[in-house]
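Okay, so chain A shows up in both of these, paired with chain B first and chain C after.
So, the complex of A and B:
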């Protein structure tokens, strides 16, 4: 028996909005520790890693480890049926081939439930090594989304370069070039608006806009976003989900052509 | 050509080994293309109003049109193609080649007849059957590839064998061909439909040899024997033994020698002087050049050279050629997107099977799953 209750169903909806651009379907692994999801997009360029801790839920019970393969478009339809303030309860029997979502309105005067068929999915598990990152940038997530959106107009890829002066995003294309530089700012009153850079050594890496743009769909989840970079290692874009866990995206860099 | 009915058989028996993918997912991959096969395709497919495209003197240029545009398309998708041309055919292929010659002669006769009768549809049909890739076509294609900066290799013998050896050596990712014997030669991954026209909207089929062997529960040597039973280019097969019987026999006896000892020879007479050992030898130890000695280089396209080669005598439109070259240069300029698998190791794949396999309805599971799949994912 699996049962998880979340008073704030909109959090789950935001998670779903953040990943459904990249993934059509995914397996949710449920254990007593919580719910995990790890999946690559079809081109194997980016990876979504979601971790929701069991103690972040208002009620969580998972007697037996369970993998639920879901079509995310269908799951999106289910959550479209929920109200903004609804409480959601997910339920599944052991070895079940369906999962049930129950939405309760705030005043408890309306209860709706939806049962969705599960899918059998191929799952490829990736071992992600621990990396000592050369630089870790924390910045307001809205600012990050804005920069990526703006620079996407100029080219297909964005160079993120980080030095001790600050972080620079740049793009170039047929119409010209665009550069955005951010300096470190400490705003002690409003922690969420500050830009902090933890730098071991300078890095510059190139990434495809298309994927960065998809990642920024997670902006509503968190005020701050954390970018971790290191030469020749995928970028990690992390959004903390308050009290519940985190959503991480990994993105393979673009590599300059050598003569082979 | 290739192995008789192998694709159909695999689709039925080992459906997991064939994945349908999109050309977009092959960026950054090095792929060996069976050149003779694709030139043949181009000569048949690239036509206007049923006739081949030709030079001012009536020499066909369809193969060049195809090579030019389809290669550009591959490069635009970030794929790095290397073309592999056939060398001399192996002696054992003589029988098969004779058969093909006979068929051509028949087609020629039928064509003459149709011409006399003035039946245009028939004329077109037999015209296509008479298409042959000559040395001259291949040389022209090589010259074009050289100008485009795309590498090509001349295999000492069969192109598929050379491709397979390069895949095995890790030089390239996959073999692109329609000929299924690339699998028999041991190419880990075979791509079909890669050089097809975009307009046909054919998904690319990716066939994994490892999964084929796993699902059929055969070793590579047993798989080779199985392919010979199915019917290959190098020798005849036993009359009256089709795919079903072949797999059954190979699973029971594990080699052709054992099968011959055990089957009823009056019912299934093996061909006279059946040289299955020779055919097997060709698959196991084909004549190839050492993959490690091959250097693959994708160079700068020679714009003026290409314009001179294609336009003028060969009647290509200069605008289109220059446009194509621009695309080539653009594709070269961009950096390649890396893949995550290159950084992280795949720990393992959990196949799409429910863990509760021990349920009662296991026997008819396949049928059940197929039926249930269609109605999936639409909550009411």
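So, the complex of A and C:
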């Protein structure tokens, strides 16, 4: 028997909105530690890794490890039926082929439940090694989304280069070039608005705009985003989900073509 | 002109046009490959090749073949007929403008239908097998030298003297596959245009990418040519064996211009459907919605484009 209750269903809805742009379907692995999801996009260039801790839920029970393959479009339809401040409860039997979502309104006067069919997805799990990153950038997630959106107009790929002066995002294309430089700022009153750079050595990597744009769909989850970069290692874009866990996106860097 | 259009490749025949001036009424123009006329030194019989009718391996109808004087090689006779054509032969005109052409054929193709019909369950001596009341000349195939390779499609049973064989489908398909691949190679060598749709300029240079497609197209076309000498069901089996998809095979069907193949082509598909539905019933593990084959939406396509130039993410992480 699996049961997970979350008073704030909108958090789960935001997670779903963040990943359904990249993934069409995914397996949710439930264990007593919580819910994990790991999946690659259809082009196998990026990896989505979601971790929701069990103690972040208002009620969590998982007697037996369970993998639930879900179509995220269908899951999106289910959550569209929920109200903004509903409480959600996820339920599934052991070895079940369906999962039930129950939504309760705040005043407990309306209860709706939806049962969704599960899918058999054969997905390979990738072991993600611990990496010593050359630089770790923390910045406001809205700012990151804005920069990526702006620069997407100029080219298909964005170069993120980080030096001790700051971090520079640049793109070039047919109409011209665009550059955005951010310096470190500390805002002690509003921690979430500061830009911090933890630099071991300078690094510059190129990434596909479209993927970065998809990652920024997670912006509503968190005020801050953490970018971790290292030469020849995928970029990690991490959004903390308050009290519940984190959502990480891994993106393989583009192979430099400039020399050719 | 007509000859050049034929999608066939053969050794250029030595032109020995036989014209019999004494009886111009029953003469034909016959293009013959030289070796059919050559006689071995030991041979002392009448020295002309014989034209006989045999059962055609594809249609089962009668067709004209030509035996060399010593029976050791078989050639098939093709007639090219153009209504408004006559021949000038020396001083006279021959109004029948037909051109007869003969090309060597592997006698195993001619034996194959008999083997498939009578020798699938039991072995049978070859001399009994090739006794066809309708086509008594079939027996002459026994002497053709190509028949010594019969073990390519059949298993020899019992004594060598008995000369008995049992049909072996696996061997046959392998043998046909080799034949088809050789035809495909020649098609490629001679740069024969095989993609069915539309005309292509002769100086159109294909991009290198389409090479694998090309290979398939050549193979498919070659399969069509080989199928002209096969029964329809065997031709379909060969198509499967070559791992060519069936549905795009209109090209072959067109070549063969036989309506029955269309129906045959549908049958195995139906069986496939049945099989998949039954296996679904038997599959007890989560019989719910099967993962659909990945359909590429425009979003996926755009993403695939954006992904070009990036390494696969799985190359960075170990599979666990």
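Please note the rule applied: the second predicted complex is superposed on the first by the 256 of 260 C-alpha atoms of A that agree within 3 Å, B and C clash if a C-alpha of one lies under 4 Å from a C-alpha of the other, contacts with A are read in each partner's own complex, and residues count from 1 in each chain.
The rule is simple: a contact is a pair of C-beta atoms (placed from the backbone, for glycine too) under 8 Å apart; a residue touches a chain by one contact, two chains touch by 3 or more.
Owing to the predicted nature of the structure, the values given are computational and were not obtained by experimental measurement.
Q: Overlaying on chain A: chain B and chain C, fit or clash?
A: Clash - chain B and chain C, as placed by superposing on chain A, overlap.
Q: Determine, under the contact definition given at the top, whether A:120 touches first (chain B), second (chain C), both, or neither.
A: both
Q: Looking at the overlay, what does A:209 touch: chain B (first), chain C (second), both, or neither?
A: In the superposed model, A:209 contacts chain C only, not chain B.
Q: Would you sort A:77 into first (chain B), second (chain C), both or neither based on which partner it touches?
A: A:77 contacts chain B only, not chain C.
Q: Identify the partner contact of A:67: answer first if only chain B is touched, second if only chain C is, both if each is, neither if none is.
A: In the superposed model, A:67 contacts chain B only, not chain C.
Q: With the two structures laid over each other on chain A, which partner does A:47 touch: chain B (first), chain C (second), both, or neither?
A: Both partners.
Q: Between chain B and chain C, which residues of chain A are contacted by each of them?
A: Looking at chain A, the two contact sets intersect at 40, 42-47, 69, 71, 97, 117, 119-121, 124-129, 156-157, 208, 233-234, 250, 252-255, 257.
Q: Under the stated contact criterion, what part of chain C meets chain A in this complex?
A: Chain C residues touching chain A: 285-291, 294, 296, 300, 302-304, 306-307, 309-320.
Q: Which bits of chain A are touching chain B when the two form their complex?
A: For chain A paired with chain B, touching residues are 40, 42-47, 67, 69, 71, 73-74, 77-78, 95, 97, 114-117, 119-129, 156-157, 206, 208, 233-234, 250, 252-257, 259-260.
Q: Which positions of chain B touch chain A when the two form their complex?
A: Contacts found on chain B: 22, 24-25, 27, 296-298, 332, 334-356, 359, 369, 372, 375-379.
Q: Hey, which residues of chain A end up touching chain C in the complex?
A: My answer: residues 22, 24-25, 40-47, 69, 71, 97-98, 117-121, 124-129, 156-157, 207-211, 214, 233-234, 250-255, 257.
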